[in-house]
Amino acid sequence: MLDKTAPDAARRDYYDRIAQKNLSPLWESLHTLVPPQPQPQCVPAIWKYEKLRADVMESGSIISAEEAVRRVLILENPGLKGQSAITQTLYAGLQLILPGEIAPSHRHTQSALRFIVEGKGAYTAVNGERTTMHPGDFIITPSWTWHDHGNPTEAEGGEPVVWLDGLDIPLLRSLDAGFAENYPEASQPVMRPEGDSFARYGYNMAPVRHTFSGTSSPIFNYPYERSREALDQLARRGELDPWDGVKLRYVNPATGGYPMPTMATFMQWLPAGFQGKTYRTSDSTVFSVVEGQGSVRIGDEVFQFGPRDVFSVPPWKPVQLAALEDAVLFSYSDRPVQAALGLLREERIA
Amino acid sequence: MLDKTAPDAARRDYYDRIAQKNLSPLWESLHTLVPPQPQPQCVPAIWKYEKLRADVMESGSIISAEEAVRRVLILENPGLKGQSAITQTLYAGLQLILPGEIAPSHRHTQSALRFIVEGKGAYTAVNGERTTMHPGDFIITPSWTWHDHGNPTEAEGGEPVVWLDGLDIPLLRSLDAGFAENYPEASQPVMRPEGDSFARYGYNMAPVRHTFSGTSSPIFNYPYERSREALDQLARRGELDPWDGVKLRYVNPATGGYPMPTMATFMQWLPAGFQGKTYRTSDSTVFSVVEGQGSVRIGDEVFQFGPRDVFSVPPWKPVQLAALEDAVLFSYSDRPVQAALGLLREERIA
Amino acid sequence: MLDKTAPDAARRDYYDRIAQKNLSPLWESLHTLVPPQPQPQCVPAIWKYEKLRADVMESGSIISAEEAVRRVLILENPGLKGQSAITQTLYAGLQLILPGEIAPSHRHTQSALRFIVEGKGAYTAVNGERTTMHPGDFIITPSWTWHDHGNPTEAEGGEPVVWLDGLDIPLLRSLDAGFAENYPEASQPVMRPEGDSFARYGYNMAPVRHTFSGTSSPIFNYPYERSREALDQLARRGELDPWDGVKLRYVNPATGGYPMPTMATFMQWLPAGFQGKTYRTSDSTVFSVVEGQGSVRIGDEVFQFGPRDVFSVPPWKPVQLAALEDAVLFSYSDRPVQAALGLLREERIA
Amino acid sequence: MLDKTAPDAARRDYYDRIAQKNLSPLWESLHTLVPPQPQPQCVPAIWKYEKLRADVMESGSIISAEEAVRRVLILENPGLKGQSAITQTLYAGLQLILPGEIAPSHRHTQSALRFIVEGKGAYTAVNGERTTMHPGDFIITPSWTWHDHGNPTEAEGGEPVVWLDGLDIPLLRSLDAGFAENYPEASQPVMRPEGDSFARYGYNMAPVRHTFSGTSSPIFNYPYERSREALDQLARRGELDPWDGVKLRYVNPATGGYPMPTMATFMQWLPAGFQGKTYRTSDSTVFSVVEGQGSVRIGDEVFQFGPRDVFSVPPWKPVQLAALEDAVLFSYSDRPVQAALGLLREERIA
């Protein structure tokens, strides 16, 4: 035991022997297992809506909503090929629902958000209540809630509707915590009038006797009209955060926390000419542009963005936003996970 | 658009085209991405200490603690080859420190627990305080705390000490939230006498003016002497849980929650002759046997266990414990993660 | 010591002796000190606005707002004469501010709410922001926040404005926890545009980087327009609580809890013809009628109420509400205190 | 309305008129209702145990425990005559139970603590579990828990036992939130062995499946042996707080908060020769001396204290502690109430 530096051959022999017993030497991989900082495999990437729109629409002739269950084109990060992931924890996809179609009811432990990109009049039903979707609306279907989507027929005024689906699929795959069930019928029964949840919890008021016990927000549609008005009010003041412009996070009104336990959501406004400072955060983020033209630098890459484009930011990559015209960006990230586990880091570079 | 069931060839062509744009069809993988229940790749496995002990001791002549930084044999799940993981979220290893050695000081965002298996007198230092390790002690080195280990020389009475390291390495890899730093010296300076943290927080009392703000427990050694006494007290009553025997979880006394935000820890006592009922949980668990002989059925496998053996339980696999003689089991799992994210499920089968 | 039942004279002599030492026998007062149920001294009472209005207006010629600091007529419970209290814990008063007047800036540990009864256009300033008052608005000036009130001149369109002040003055007197300070000038400087707080926190969104740490709501005006709309939405469904009609509590959007730590506030709607069932609660409540005619039975008393009337409900007195026409009631109580201390009781009698 | 400064006579006439309508002018009492700082009616006071002991013992021949229900001499603050209060919110009394006696079972919404002053072997039963009382033990009987006390006969080794009762009686009187019930029998049935609650929650561990939901601590005896050991450990370090010496607060291990929602409890150690600096707090406090001789300055008064003496500190009075010999002080205050309501203030004067 005097010479603890065994020759390489002895070590290799030792490694081979212990491998039989499902043992391996930490010291050969310590640096990889406990890296000095995040080592993202996912890369900065942008999906230009103008280049995808035809494909999204074509999916409507490739498969029906009913056969597909969810007719979605997954936005797959080029660094995570085959993983159906846009970042290491997040999933993104563009879902199309045509007039007269139904995306049948199911539930799963994955939390999902919908951010409406194009078209209006389709509905999402959650827990017996339907909400009509308009561009810019942020809608949630929390973990293990029955949910389905539908669209009126063309005769009833239905039009193709496209939204961005954001889910925590890769995270739940890592945790191996996925459960799912199909509802016995395509549509769940409607139990409450539209707007009921919002009337109960959306007005800075709440039912007297109801003790809220869930982990997700009791309101499930945050209409764009309201979010935009909040940004407008603050934009008029002219006071800007040098990194973010005017940025708000969506809130679960029953707790003041995030709407869902695994994904944070944000909406921000950048004035024409905004040149943001650089920041980086340990959560990974997906942006969906609502209004305006601008650009984003992520690490060494620069992307020009316009309405309906989607781009992804890997963890700990420096980010810098700029706007050519007044711009509104929606985004979602795995921030609540990192915050709950005491892992969130943020650096604002002056 | 009338026939939405496009022929396979048309679909394949479509898939190829959209793949160029980093798009893929959800409907081909939905069932895999949103599975009906957990699909663990990790398998039930046991590491018999008697079969490993010689290898652990031999590691002491293969590499020094200082060169290794941490001289640990990773317990690698046979279903997760090459991943340095004992379950999808958890890491386990057996660490050896010899008399006179130091495992140098560093810190990382990974949370770590130490469960002492063999030998005594070595110490773990955390945040300027050292604690002496005895078999059965449960010690934490929380996320981003400086920590090092050391052992007195043989002349000073040092003896080889082995402990089980439990970390959340695979979880943090999934989240890509790993940061790490080395301390400029091998040992951090000692700032407080041994037992200081425990005196402040361990007696169901707390400092008057200190507002605790961390996410991990302010006490970092939970001595076996105390945990065993608690089990003894409850064992004497003779009232047993049919699934668990007498089972307690370790607590962060500043919050009543788990000692660390990513790993729960438990100690349980089974009387001789105990035949537990079957349960399953969505968190995955690693057991370390402290005392007694018994057996465990995990899914379709049955393992006999004795002192110092380690076994792993994949998520959602049915588990059934039995004891031939009075037995004490320590265990850790990713329960706090699933609880914080609203994902924890448990089923007790009568 | 055999006969422990000492004769009355011996007891009296003993009581006299120990009284010199500031001692007294519990057993002579136990039943009073630990009563079987609340023993309110305050009584059910109503203040009919039509009978008070002239007095309120006359106060404007009796004293100026500036000299009075706060020109308020206290609604003093007939059972609590001289105590400036409407219940054992709550204070209520009607405050008048005339065109061109200022009620000078001060702060105190007492929490205050304002419920606007008559007139509009006056403002309340809190922490550097002003909000314009309209009938039915619920406004808070939380503990230890600088606040002042003002009214434009008649030339600027100012009109007499009357509001109900609700404070926790008797509670803080019991706790002896009152601190107060005057601001060096009559009006605090305006630092933020009107609506700023509401824009930040009122839209089910919140600033990204702001960690809210106060005990009171960051929004300080809950406009009637919004509250009424919420009630309307729920009223349209036709589903009524048999005790409460449609009743919502105001919420601190940063926590989901009460807007202030000592007083809960509610707004409820009763349809014409509503005959409520009887309930009682251990908190005491003050009601202010916003719209409609109705009646309330409190214990053995029945009061007819109409717009702007105020009535008080002692703790644990049975209450029964009825409406002749569609009615809206605002109310406040000491519920958060009882809830925080684990004391709240409620009984709904079928 | 031009001259708003009405002559005194006019004002008096106005006040008389509105008084008929249960109205009174705030401006005549504003300064009293909203005082610049606490205006305690209670005064600094000390009860020397040597001067009371004979009276306490004599109470045993004046009335039986059963007749008295609770044979207690109330320590009545000289500033609060007839109010059965030691401060504006707290009650204190010395309870005597003789060998063979039972203080019959009841429950009430008032929270109670017992701090054992003299004698040992008597028990307190709470929720079906008995705990044996020793000098220096801190025992709780939380709000609405059945509790009774008993003492073995002399033949069984019973001896007179005296303890300090601390309750929130004045607070609950202010809130008018008192409810009480007698148990149908003198002693409640024993359902669990002694030490059961402590074994479940006292060892920095907790039952796995039990979700604790109460507002009070699940352990109800904090033995002096343990508390003293914690102080000893910290005293040995020699690091003293210049105001408090070594001071710990008792903790509810299920939450990290106070053991009961209305009263905080503390134990502190002062070394011989300690000359504390001056502080003041907005909560009011009762001290019970456990060991040692010392003195306390409260406002302008100085008291010498020795073992078993009790003294009271009004809110916001400057306090300065000194010790002639090593001293241990137990204390309780209404701090959790002020903390929960956002009212707590503390000032440490250098």
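By letter and in written order, the chains are A, B, C and D; residue numbering begins at 1 in each of them.
Just so we're on the same page, a contact is a pair of C-beta atoms (placed from the backbone, for glycine too) under 8 Å apart; a residue touches a chain by one contact, two chains touch by 3 or more.
In UniProt terms the chains read A, B, C, D = Gentisate 1,2-dioxygenase.
Predicted, not measured: the structure shown is a model, and the values here were computed from it.
The set of chains in contact with chain A (Gentisate 1,2-dioxygenase) as well as chain C (Gentisate 1,2-dioxygenase) is empty. Of all chains, the one whose mean C-alpha position sits at the greatest distance from that of chain B (Gentisate 1,2-dioxygenase) is C.
Taking each chain's centre as the mean of its C-alpha atoms, chain A (Gentisate 1,2-dioxygenase) lies 52 Å from chain D (Gentisate 1,2-dioxygenase). A separation of 30 Å divides the Cα centre of chain C (Gentisate 1,2-dioxygenase) from that of chain D (Gentisate 1,2-dioxygenase). Per-chain Cα centroids separate chain B (Gentisate 1,2-dioxygenase) from chain D (Gentisate 1,2-dioxygenase) by 43 Å. Looking at chain C (Gentisate 1,2-dioxygenase), no residue sits in touch with two or more other chains.
Chain contacts here close into one cycle, and each chain has exactly two touching partners.
Pairwise, the chains that make contact are A-B, A-C, B-D, C-D.
Of all residues in chain A (Gentisate 1,2-dioxygenase), those touching chain B (Gentisate 1,2-dioxygenase) in their complex are 1, 4-6, 10-11, 14, 17-18, 21-27, 29-30, 33-40, 45, 47, 51-52, 55, 58-64, 67-78, 84, 88-89, 91, 93, 98, 108-110, 143, 169-181, 214-216, 261-262, 282, 284, 314-316, 334, 337-338, 340-343, 345. Residues 192-193, 195-196, 198-200, 202-209, 212, 219, 222, 226-227, 229-230, 233-234, 236-237, 241, 244, 247-256, 266-267 of chain C (Gentisate 1,2-dioxygenase) touch chain A (Gentisate 1,2-dioxygenase) in their complex.
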